[in-house]
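First chain A sits with chain B, and in the next complex the same chain sits with chain C.
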Partner chain A sequence: MSETASQAVPRIEAYYAPTSLEEAVEQIAAGDVAIVAGGTDLMVTANGALRRIKRGLMNIRHVPGLDGIAETGGRIRIGALATMTDILESDLLRAKAPILPATADRFASVQIRNAASVGGNIANASPAADMVIPLLCLDAEVELASWKDGAVSTRTLPITDYFTGPGKSKREAGELITAVEFDAQGAGGHAAFFKTGPRPALEIAIVSMGFMARIDGGTLSDIRIAFGAVAPTPIRAPETEKLLDGQTLDDDLIARALESADTEIKPIDDVRGTAWYRRRLARVYLEEELRNVLEG
Partner chain B sequence: MSKVIEKDILVGTRVPKMDAPDKATGRTRYVNDMVLPRMLVAKILRTDRVHAKILRIDTSKARALPGVHAVITADDTPQFGIGVLKDNPPLKKDKVRCIRDEIAAVAAETEDICDEALALIEVEYEDLPPVFDCTEALAEGAPVIHEDRPDNIAMVNEFSSGDIARAEAESDHIVEGDYNVHYVTHCNMGVSCAVADVDYDGKVTLYSQTQYPFIMKMDIAPSLGVHPGDIRIIQPPVGGAFGSKLDVYPYEPICVFLAQKTRRPVKLIFSRSEEFIASPTRQPVEFKIRAGMKADGTLTFRDIDTLLNNGGYTSWGATTPYVTMRTCSSHYRVPDIKYRARAVYTNNPFAGSFRGYGNVQATWAIETHMDRMAEVAGLDPLEFRLKNANESGDVSPQGSKLNNIDLKGCLQIAADKSDFLKKWAEYKEGWNKPGRYKRGIGIAASLHNAGGAKIHKSDGCGTILKMDDYARVTVITGASDIGQGIDTVIAQLVAEELGIPVRDVTLVMNDSATGPWDVGVHASRTTYIAGNSAKRAALKAKEQILRGAAKQSNLTWEQLDLRGGHVVQADNGEAIIPLDRLLRQMHFAGQDAELVMVTDYYEPPSEPEDENHVGDMSAAYSHAAQVTEVTVDTFTGEVKIDQIWWVQDVGKVINLTTLEGQVEGGIAMGLGYGLSENLKIENGIVKNPFFRDYHVFTAPEMPPIDMTFIETLDEEGPAGAKGIAELPTIVPAPSIGNAVYNATGVRIYHPPLSPETVARALFDADAGKAMAAE
Partner chain C sequence: MSLKVEIELTLNGATARASVPAHWSALTALRQTFDLAGAKLACGEGECGSCTVIVDGESVNSCLMPAVDLNGRTVRTVEGLWTDDGVDPVQRAFIEKGAVQCGFCTPGMIMQARYLLDRNSDITDAEIRRGLEGNVCRCTGYTKIVDAVITAARAAA
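Now for the complex of A and B:
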């Protein structure tokens, strides 16, 4: 029974800073590179020797077209390199998709927000990734680029179908996230974001929740509920959404919605909290939000 | 007529902290920043087992790696233990006992090469059955951690005074409780780091973050096989220590071994995760308390039994009962006392000393218990405490002479300023009312040594003071500065005596080769003891100067004074001669020449404890009280601190700015202890070795703190001052627990009051009530 007692971090041997999308995806296809955007996840895991980082490091911040937040043809597009600060300060998003700035406001600290990118938040595929929650509510699509047959090839995946497990997604090894997109229509209704933590900042969510709905004279429609950190991936709660759709809230409906959401989440115990506490928080947030809606 | 000069009073003013501009602007060079010519870097291979025999260590591949200069294991080094019981050899030979254990170390050209070399070392183990819990470790047939201690008991401390059986019989109420306090760690911003350099003659220079340079020479020498006299300790600025550097830990001898072996300077620096895993923790304790009182609430006895999870080795954690015991025996008037502490070896990480020492733990238990007793007695928490409070002149069962104290004042002022009684009664009414958010208010107090602690043969400190031809002063003190600001305090005390500006005083305080002996920075002692020594040295220099001046005057030296850079006539302040000119005249006086150059060694009038733990071990004692007002989110369990009222007997305020800094910093640590900090150790393994998952209190979370300082003017302390640095860490946690109780009616016995802990306790209490109602 012999083994090495330490898993040290291998040295980074090559550094790339591509200045075009072609160059970037071609290099990714050539293999063995770790993509770095803001580095706020990558450097933590690398320095903590939690994960082996690749021998090559590719900084994608010089690739044109990966940043920016803009609306074209009824679709809002957020570049993968857009930071949490960009989202927080975007007038377009404040006006048309306020759940995104509301989430950015609860994201880490100013310093981290200045560096952390939306692409990195998605790529990291943490069940607790905050920015994924509003994007789930918005039915966003993730745009992926790769190198195929000597050219850049792109495809999109609905974010609701993107994650497969903690740290895992349908993104393939050669793929770079270039942007997320969603319909501007419907993004502007009632919206709220909830997250645990007594701290004003710097808290990884024990539970997070996003809620969007259209409210017409007390009747709810177009409901979107998403939870973070209560399942192997960030999730929507479709059964609960259906239960509430077209209904008018009352105590009984709220109670049934809470029961329904409780069956849709699958939390576990970990170092940040027990499954019991996660269930409790999910219930507290949903109840608080539904009561807010009920009481106008 | 010459000019008249008023005396400049510096004590009590806000002199800015001398090191602050450099620290704030990034000029300070910490140990961690040091680079010496030809320096190598070093890293330690730690075990990934909690309890195992080491069967084989193969370093051949690591040694063969280009860029590696030395690879060492236990076979290459003296096997001499370090730590309080000398049970911890720097590199382990036969066996590992906890997750942090050092197996091998590498010195190489770069950190990357070190990492690669560590990965090439092969270690073969045979796992042994582990034990993590004190009670299990004490049971018959438990795994043995150290073969020479088959009962797994590292240390026992007992104290008893009076007759508990009689006191029990005479009590009208007896209240019992279990209080278990958790693991936390120091979280120094500057991670552990050492630089070692060995000269041609084998003499060792160690650049260290140590808090006790002089005794450290003695402690580290045997493990190095070097005479203590051949070791020089240099202390560059450190990024925090808080007690964590009061012992020798394996990384420092390892760094020296590598320097001895390679004949090059070697620097060893921890990663942040390593800092969480492999630096000492605060001592976790399981308290069992029985305490009695008369019907009117007068305390009769305390019977306290504690178990300390000692982990794999013995550092200062096992000795924290020395302080815990004082609080148990001497905080409030308790006639009959029984106390026992057993430190039990397990396969957990081990504890060291940490600001507040065993008193953070003791005060959580005692002040939570006091709140519960008040309720049984039918008294409010303030009245119950006042009724049992110590007063000046009391001598505690352990022999603490509580002179010039003001516990009652601390409690009363904190209560008055916060409108405690009114709010306490009002918030209690809210227990059965509906509502998600509940407010609460809680009070706690404690006692701590404030004039050093005589745990070594001397608790003294030396000073060398010299003046140059320009009336600039150099003070060479034995004291260590770990950021607390003793440089500023000494400069203030000396400048005031010598009538010169603070900026004309230079402190030299970081080298065991130049500095005179001192015990070290701990026990809230430095202002008191190093301050006294510096002040006494300044008075000696002043006398020498005034005698020099008197020679040229028709006045006696007693009729003269030093003010505003001049010798003046004491009664009317008339300037006689500029100080610098006088110093030059005294210096360049042919055969009569004299330099102003004095020494002082101050030994406080405290006494060591006898074999029964009785003795007046500190030259002064002081108290602090805290009232905390909170809002509890009863749904999520989040506790928000709305406001803190802090009252402390400080003897005398020497520098309000540095005092407030110590109080704020201490309270931040105390709040972390009470609310958010928790080093989670499961089966001997640290589960959250990152700031991401280990939550220190950060600046935006700090509540407003209303501070009041009581000046009791200690007879012995410098300018009347007492030591102040630990109480602010000691008192906060139980005041929060008591406030949460006042808000919700639910008592939490085991910190931290994390949101989940509070939510669970409230949920269980509701479930309990519902069951009782059925």
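Now for the complex of A and C:
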């Protein structure tokens, strides 16, 4: 690897640093630009990814309105440029969506968290994208902006319906992710995030799991279970959620929930782990979490 | 050839201007254009922290930051830690505790430590260890590095 990248000098012919959303999406519509936010996916392998860029590079960090974390009328909005550090340190999220800071706390290193954006994590559409797991649990919506008929047009897609395969989503080529939105959670909910990989700090999850529920006098309701890296996209486990809903946990129910989750995941063998190991880990996480709930 | 882009930033307290190729990383610009060879290229993938610098108060892996994104930013590198009073307390602690062997990881370690202490004047030993998770050292076994940062933190407190 050479610092001058002499082997194949990329030809970036245009650089854009738009200062309005209009300018950004109009330029994206004009075509052939690679968007960069924190650069922690795009820049990996010392400019390697940039060699594939044919024409333009667009830095979206100066587009107003894409940052910040705020609540309006019971809905929380996280701008696409919010970093993992912003999420980790947000008092609003700690109080009203604690699964998000819990996940950010397990995300890479400080330096990566300071740069990595939530928009980039979603756009990358990795089956192992960590921030997608809590957003699935929160039934978040992804807001997309594009240029249509001479104006900015926005639409939202539920994140549960957003990903279509590894690296693939329903986002169209001309669309910029502008924010994610979800309902603020009331007090008294239970939330946890699990993840494993070989190096505690900088790991791509072999398996990750998000869990949210309300517990009233031992009865479970509003259960949300999401798994990462056990299917072509991050997934919810709706059958297992239904099985647990309105029930009181005991050993038998925990055993049935583990069986149910096992039928909902579709793990594969890859360099990071075997399908067998992934099934095992998914069980271990769900059992550990349900026992945490059972034991209060 | 790739397009060149004009950038202007505050680099270790002074205004710096340059024209950088659009595909460069900030690390390449710091080392080649600005002759600041403290930050090192090791992995080029965000895994090792040897390229750590502080940008607008946040520590980042400069190997993953586009050079064009340096425009308008305030950047501190290890070269900027030197003042008229001599070396930074973190640097002094590294010297006193023998936390340097080959030295390749040292500028990144020191910048990450500086960031952690700037962020939290009341930092615990455990927070120091976690805060250095993104910095790899192949020589020291980490004990002396962690000792040095703890020493600097306690001296400042």
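Keep this in mind: the second predicted complex is superposed on the first by the 270 of 296 C-alpha atoms of A that agree within 3 Å, B and C clash if a C-alpha of one lies under 4 Å from a C-alpha of the other, contacts with A are read in each partner's own complex, and residues count from 1 in each chain.
Definition applied: a residue touches a chain if its C-beta (ideal position, glycine included) is under 8 Å from a C-beta of that chain, and two chains touch if they have at least 3 such contacts.
Nothing here was measured: the structure is a model prediction, and the numbers come from that model.
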| item | value |
| --- | --- |
| Which of chain B and chain C A:Asn59 touches, first, second, both or neither | second |
| Touching partner for A:Thr196 - first (chain B), second (chain C), both, neither | first |
| Partner chain(s) touched by A:Gln111 [first = chain B, second = chain C, both, neither] | second |
| Chain B versus chain C as contact partner of A:Val284, first or second or both or neither | first |
| Chain B versus chain C as contact partner of A:Thr85, first or second or both or neither | second |
| Touching partner for A:Val36 - first (chain B), second (chain C), both, neither | second |
| Partner chain(s) touched by A:Val44 [first = chain B, second = chain C, both, neither] | both |
| Interface residues of chain A shared between complexes with chain B and chain C | 1, 3-5, 9-11, 44, 47, 200-202 |
| Touching residues (chain side chain C, partner chain A) in the complex | 1-3, 5, 21-25, 27-28, 31-32, 41, 44-47, 49, 52, 58-61, 63-66, 68-69, 71, 112, 115-116, 131, 133-135 |
| Residue ranges of chain A in contact with chain C within the complex | 1, 3-5, 9-15, 17, 36, 38-40, 43-47, 50-51, 53, 57, 59, 61, 85, 108-112, 114-115, 200-202 |
| Of all residues in chain A, those that touch chain B in their complex | 1-11, 44, 47-49, 196-204, 206, 271-274, 276-277, 280-281, 284, 288 |
| Chain A partner contacts - residues on chain B that touch it in the complex | 45-48, 56, 103, 112, 115-116, 118-125, 271-273, 635-636, 638-640, 675-676, 680, 687-690, 692-693, 695, 698, 700-701, 755-756, 759-760, 763 |
